[in-house]
């Protein structure tokens, strides 16, 4: 219900906070951050676009706004189409129910913002 | 922890975002939105007030602020009393535990706002 | 996916386990157990049947089989009708999504068992 | 922690329970069941295999064993490879954490069973 | 993704909202609030610092920002060290997965704020 | 609601399933498994007993029976006392609410089994 945060503001705040995490992080936290990049990386059997879509759907049903925003941005960078996104989000909605609707709304809002900023 | 959003602002933002969803929505998403209205509709065995209270308790234990706000508004429109709300929220609190307290607080805050705006 | 547990077996195992909890329970745990009875008790603004229905819907969307079974039994004891149950469960399904379906299935299975044992 | 349920037993029990649901189901529940088939159907932008994979990842992070088993079976029917599954499950594991490991184990156990029954 | 809320603002808003809750609270809600203080209280086998750390880890994996902030403040008051916090948060991260990272970030951000305000 | 699984049966089944996971696991899954051991390891600021207790509380509020059983066993091996366990479980109960009670019951049931097998 909080006010909108634009994509550039989101990235800036995310970077600021990650720096604080890294200031305190022990070896396990750093390794986890590393794994969190590797699973979405190019190579292997699934295209990056699909990996990011899997991350998005997981984030949607778990209802984490920052995670959703991050994967929406990545999906956009990987050239996902409107229809591909709609099909993935409709699966999330059916699996997760109406409780996911506020996050569905903000997903499309970020998608719109990304289209207009191109 | 975000700043308060008044009921009129909440409704306005909700409408703005639903318009964006509908711009992209496929048939399944539209049908789900439709079902999401129908289950709370008048008719059947349970009064609308109780249906909205069921929606509120579900939203409270799942800890979705927008969903809570929406059902609190609807409960108020259906003439729910303070004591009925208190009993339903105390069940939510016992089922869901202290992790629901921030949402319990905001539920009563919205309830107060609605009383003062009458 | 586990095998069916009949209502009498469920009650017996629940009693056995609660005895073990009470053997170790400190004051706070005992008080919490007490509160957990009180919020569903007769008296106040909402009928017991509705309080149990609120407990059921909360348990359904949080997907706890034992909690669901307990409240289904209590709803049956309080004279809830098939249609009232169906309306409450359809709200749970829409709020919680397809991920709740396995629990919805077991809810109706217990309901059937209770009808046949009357 | 419950004993293993084989794929044929799983399907049989699922059918038995769905019949009970349908005996009591109102219009909204039936329509929801319908939508729950449609979102994974052929047609549209994403291949069925990817849609089922999205359903699997959503089920994994939400930790629903029956939902996982259902989508693992469907992924197998759609010709998903070991490596595609491994990449999707590693994303689920990183997003959902060690709390998903018991479900990850049962996912691979079902996958093995399906391979041996071919 | 909402803007930062400082510790003093957080406490003030929390007090304001708790007053509204108490205005409407019935006996069960008041007793629950009481239990919620007692379980973290001095006395017993575990030191208060460890009890607060248990509350923090529970709040982190359940992803409740206000609950996290409250326990971070209490851990700081009880003299928790940077390294003790890091070890507890790395356990939360591994158990809860990448979906907890936004909350991990805000945990350290609050910790930094508390250090600078000493 | 499933039948009880003894500690030795639990360990055996867990080993059998972990072998299947490792048969298919890619590098990221293996590294995650490794991290999942390291965060509870001896060394650092918190004693192993407290680290395991943090893992237990996280597992309790997230309601994962296998994870709970594993950490209860580990806590027992590390010499946790009845009272320390009771205090940690009462915090979990207050944070997580009555929805955690079925898991609380099984926690104490496993604890009893471990005491009798000594």
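Labels for the chains are A, B, C, D, E and F, by order of writing; each one numbers its residues from 1.
One rule holds in what follows: a contact is a pair of C-beta atoms (placed from the backbone, for glycine too) under 8 Å apart; a residue touches a chain by one contact, two chains touch by 3 or more.
In this text, all values refer to a predicted model and were calculated from it rather than measured experimentally.
Comparing chain pairs A-D and B-E, the larger number of C-beta contacts belongs to A-D. Comparing A-E with the candidates E-F, B-F or B-E, the pair whose contacts agree for more than half of the residue-numbered pairs is B-E.
For chain D, the chain with the farthest CA centroid is E.
Look at the CA centroids: the one farthest from the centroid of chain A belongs to C. Two copies of one sequence, chain A and chain C, touch each other mainly through matching residues, since over half of the numbers at the interface are common to both. The mean-CA centres of chain A and chain F are about 31 angstrom from one another, to the nearest whole unit.
Centres computed as Cα averages put chain D at a distance of 26 Å from chain F.
In chain A, the residues that touch at least two other chains are 2-3, 26, 28, 32, 35-36, 39, 44, 58-59, 61-62, 67, 83, 87, 90, 93-96, 98-99.
Residues 2-3, 5, 10, 13-14, 17-18, 20-21, 23-26, 28-29, 32, 36, 58-59, 62, 64-67, 69 of chain D are the ones touching chain C in the complex.
Within the complex, the chain E residues that touch chain D are 61, 93-100. Chain C meets chain D in the complex at residues 1-3, 63, 82-83, 85-87, 89-90, 93-94, 98-99, 101-102, 104-106, 108-109, 111-112. Put simply, chain C touches chain B in their complex at residues 35-36, 39-40, 44-46, 50-51, 53-55, 57-62, 67, 81, 83-84, 87-88, 90-92, 94-96. Only residues 26-28, 31-32, 35, 38-39, 44 of chain A touch chain F when the two sit together in their complex.
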